[in-house]
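Take a look at the structures listed below.
Paired with chain B in one complex and with chain C in the other, chain A is shared by the two complexes that follow.
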Partner chain A sequence: MVRIYFAGIDLGSTMTKVVILDEDEQVCAYVVNHTGAEHRRLANKVMEEALIQAGLCIEDMSFIMATGYGRINVPFADKQITELTCHARGIASFFPNVKLAIDIGGQDVKGLKIRNGKLLDFVMSDKCAAGTGRFLEVTAETLGLKLEDLGRISLGSTQKISVSSTCTVFAQQEVVNHLSNDVPLEDVVAGLHDAIASRVARMVRRLKVEPDVVFTGGVAKNIGVVKALAESLGCPILVPEEPLLSGAIGAAIIGKELTFKALANGETIQTGERRLEEATFFK
Partner chain B sequence: MTQETKPRALNRLKSMYALRAEVDRMYEGGVEASEEGKPVAWVMLEGWSNAILNAMGVKTVFPENYSSLCAAQGMAEPFMERSEAEGWPSHLCGYARASVGYSARMVDVGGKIPPEAPGGGMPKPTLLVASGETCDARFKWFQSLGRFFDAPVWTLESPSPGIRERLSSETYERNVQFLIKELKAFVAFLENLLGKKMDWDMLEFTGGGTNEINRLRWEINELRKSRPGPMHTRDFWSVMTAALFRGAADPEVIIEGHQKMYDEVTERVEKGIAGINRPEKYRMSFEGLPPWHTLGFLDQLAERGWNFVIESAYRPMRPRTVDLSMYDDPMERYVRRRYRSLEESLQEDYEPDEVEAIKNEIIRDGTSSRLGLKHISDYQVDGVVLHVLLTCRATSAGLNLLQRKILDVLKVPSLVIEGDIIDASAFNAAEALRKAEAFEETMDHYRKVRKELGMPW
Partner chain C sequence: MTSEVSKGLTRSIELYQDRSSRVKELRAEGKKVMGYLCIYPVLEMMTALDIVPYRIFGDLHEPVTEADSYMPAVNCPFLRSCLDIGLKGKYDFLDGIVTSHICDVGSTLSSIWIYALKPPFSHHIDMPHTLHETALAQEKGLLEDYKKALEGLSGKEMTSEALEAAIRVHNEQRALVRELYELKKLNPPLISGAETIQVIKAIESIPVDEGNQLLREVISEVKERSNGPQKKSSRLLVWGSIIDDTAMMEMIEGLDANVVMDDTCVGSRPYFDDVEITDDPLDGLAYHYLVDIKCSRTFRVNNYMDVHKDYMKDLEIRFSYLKDYADEWKADGVIMESVRYCDTHGYDVPGIRDYLDSIGLPSVYLEHDYTEGALAPLRTRVQGFLEIIG
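Here is the complex of A and B:
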């Protein structure tokens, strides 16, 4: 029996994610890589890597859906769709009872009100990097720590400090000040996580907080922020096994739905040119 | 071989251009008057002083509107930078900042119009007329502008009672008497300053003309309820300046322009022509003041099939006939022709049983959940864009409450976009477009919800 496959590519501000699903929505391959400044030159490479991992070629893909802020720069995608819609669909595929999803990525924070996989409402931060992944990256750098160690370190806190600013620049000043006053590192990091959680909680409360609450995006890998967010919202937080992939998975699922709908209606599936190459502005 | 080009997303009304040109003429008229040594006033939009000034032969120009004009032409930034250099905070109203910067530049060039001023510029004022209406920034702002030119500033007060109080006929009558007293004091001030008497016949004439313009604007807006919406909000914004910010007493040209616009919109309705050159996928309302610096943003939304068929700001009032036969005092006639009670507005806009329900709600709660929603249901809107202004508490403070009301009562979702009227740096168009794309799914969902509930759209 011939299997059919669907790819979703999520070109985020910090990370590029590709997922290949089969028709049963099982993940055949996934690749996560840094987007970098030249993301137009990277998308095809990440896709190629995912195809090699799955032992497939691009012609095996029935549909390729692109999402994320760089989605228009994916010349091999058949269609582009907003990442909010894809996140909602992807998250609901892991947690069907999700009511509120929080996604903290590299450059923004999103709150999504979801019912049955559909996006009912949303809020987004859009004016600065406060409370985003970039904020934690800069913090880790200031503290001379690895980004992935922040969560573990914060769990050792016994008396977390209060960080009044979530402005990326001003918060660093506060951190330096606390450290110079001999405040233990774990208390400083836990305080920073609290500041993020408090800002995000304020934002998503506009959507009404109802379980299941799901947390995705790169920052969801930080156990310290997960803990702080659960405390701020006063409810348990669910985190998928790989929180970076919800957008790409959602994109692939929507691609699958479009394909099956077209097949059911006896229509031809509208695919693009499928140029597995760097995006340029001249084609 | 001819290359087929896709038409622009917006289908602008031809009649709009003539009315838009009247705005330029208004500013040119101010400059000409100044050159001829005639008085020119810088005025705030408050609904009362302009007709009085025009009737006394004073040309009027409007710093708020002029700031919008600068922003629309991408020329507001240098004036705002100048106001910050003068020590004005960056979180102050964009209208205020741009006009403060403009005034500082005028002082630089010896009281003349700065050479970089777009649209001909505003000439040095003989006087300024401020108002306490709408927001608190207005008090100090014009006072400060006056100091740049050593020009007198008159601040007109108008009553702003609470909603519950506005239901009382006693309050209404007190407000009428208050306005008459205030405006008579204003006239006395002008007579003293200009050394001439008020032309009351001219006030009656220009006041009547204003009513006619309002009637035509109302009729045009009624036509906009059609599907597809025949007139986009950008056309409304382009012409509202000519109607509301009039620089001279004679209303005939503006009336004629609106009559032509009414005819063109009527023709569009009959032929099923929309205000956008794309299929009308979503009927939209714009709540709040426009992003004057980035109006092209709405063209990008029109490209997606978003037709802004109505808006909350600058809307005309339902025309009415008032029996003035028992009033001889021309100022009382002027006030009573324009000032209407809440009771009267409710009777005009709602069915009798609705009026009673709304009044009961106001008496009980101090407000009604139905107020401010009528245009959303009348125009059968699919979604609302709420423009939250980071520098304007007056227009932004209630928007979140409105958002909840619109969703709870009418099942119509809202998209919140943060920005500023004048300051382009406060607006992130790319982010707003990202949100807009995702918002379509939300609008689709609530369309189904309304259908399930048996709502008419």
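Here is the complex of A and C:
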């Protein structure tokens, strides 16, 4: 029997994620890479890499679904759906009892209210990147630290400071001020994580916080933010093994569902032109 | 009559793109053209004295550079834009400006406008914000002052007959707009949300009788054409603060939805109730502008003291007309939109959301900062909302 495959591509503001699933929703390949500069979204390279990893070619894909901020014009995708719906679908595939999902990506924060695997409502941060991955990147740079070390360092905190702003610019001033007052680094970093967590908690409260609460996106790799978020929300936080992939996995699963629905109705699934070219940001 | 040959939708687009073209011709012929901000400066009273009302809008595509000297960045971006393009000379041709107390920023803007732009004539209607018993009498008194001011400008008396005639022609315009909106009840609607903004903006840029002619042309054209809006998965009602540019509607309608009804002020809001012709026409006008027009700037409860006793009942009194709109136009969902820093509309958002939740109508709230750049992130919100309700 011929295996059939589905690809999901999530073009985030910072990272591009491609996942190839088989019909049993098993991951055959996944690649996470930088999205690239505004005018040259190298989505095609990430897609090619995933295809090589899976030992497949683009024609083997029954459906390719694009999602994420850059989803609008992916020349090799068959359809585009928002990251809101795709994240909800992807997260529910790992955590079927999820009720609230929080995704903190490179430049925005999303809260998703999910019931029975379906997205019911959402909140999103504004176009300001306060309290997102970018905020942590800039902060790490100011502190002379590696982004991936922030979480571990913050765990050593004994008396975390209070940071009043998640504005990337204002928070840097506060950080510098605290450091000049000899506040230990781990207390400063823990304070920054707390500031992110309390901002997100305020945002998602409208959606009602009840378990299971799942945290995804690049920032979910930071153990310090996971801990701070659990404290702010007053409940345990679940994080998938690879928190960056939920959007791409959700996209691939929705593509699979559309394909199977079409097949069941005796219809042919509509695919696009599939030009494996760079994605321009907008039409 | 207009000197151009174009008609209907083409004429609407021309006027949308070059709004002052017609009124500048009329001014050259000796007519007075009066700028007005927001929908409250009783247009009938201008028309009664043969003054052409010309609504002041902002320009979403023009970065605010001049208004910063007069208004802080935390003020309404729409009103900042109006002042900005005023400071850049776009409204220099006007014979004056009439403003009203739409909100505190709008009221302050009128003083700034007078100070910074020195219009030859100005008048401010300091209208009340509630429906207290005394409010209607106050509104009528304010209209009496406004009448005297306009008479002083034109050198003519505003007779009751002239005012009644003006009310009739403006009521005719309201009836024509409602007739146009009837065509949006069809599936697909015969005219898109973006085209509706073009038409409304066009009729607010020309004398009322010419506007009525334009509306008749548009109505017969959209009934006949074959290239109108396509059927989409969702039919939306848009509520909120001013949308004076097609960009947001185009963004929404570029997705899998048609905007079939609106409750916004460059839309149905000023046109959905007629002015009653009363013995003293000012009575009917005062009632219409204070009570009939349902904008967040007027706090609407039947009995002022009832507030907070029964929240859901209060919401029903204030917002049940939105349910009527959704039922009649068969809307599947509501987009609530507000320009950033609009306290007036912002305060109504939680209440409207609660009301819509209570009647099972899904909604999404969009706050935008009156720039083109703000639309891309909003697209994700709207598309996500459509995926939920679709």
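Here are some notes:
Everything below uses one rule, namely that the second predicted complex is superposed on the first by the 273 of 283 C-alpha atoms of A that agree within 3 Å, B and C clash if a C-alpha of one lies under 4 Å from a C-alpha of the other, contacts with A are read in each partner's own complex, and residues count from 1 in each chain.
In the analysis below, a contact is a pair of C-beta atoms (placed from the backbone, for glycine too) under 8 Å apart; a residue touches a chain by one contact, two chains touch by 3 or more.
The structure displayed is predicted, hence computed values, not measured ones.
Three-chain overlay on chain A, with chain B and chain C in a clash. Contacts of A:F122 after superposition: both chain B and chain C are touched. Counting contacts as defined above, chain A residues 69, 82-85, 108, 119-122, 124, 126-127 meet chain B in one complex and chain C in the other.
On chain A, the positions that touch chain B within their shared complex are 69, 82-85, 88, 108, 118-124, 126-127, 206.
Chain contact summary for the complex, chain C toward chain A: residues 367, 373-374, 376-377, 380-381, 383-384, 387-388.
Chain contact summary for the complex, chain A toward chain C: residues 69, 81-85, 108, 119-122, 124, 126-127, 282.
Those residues of chain B lying in contact with chain A across their complex are 400, 413, 416, 418, 428, 431-432, 434-435, 437-439, 441-442, 445.
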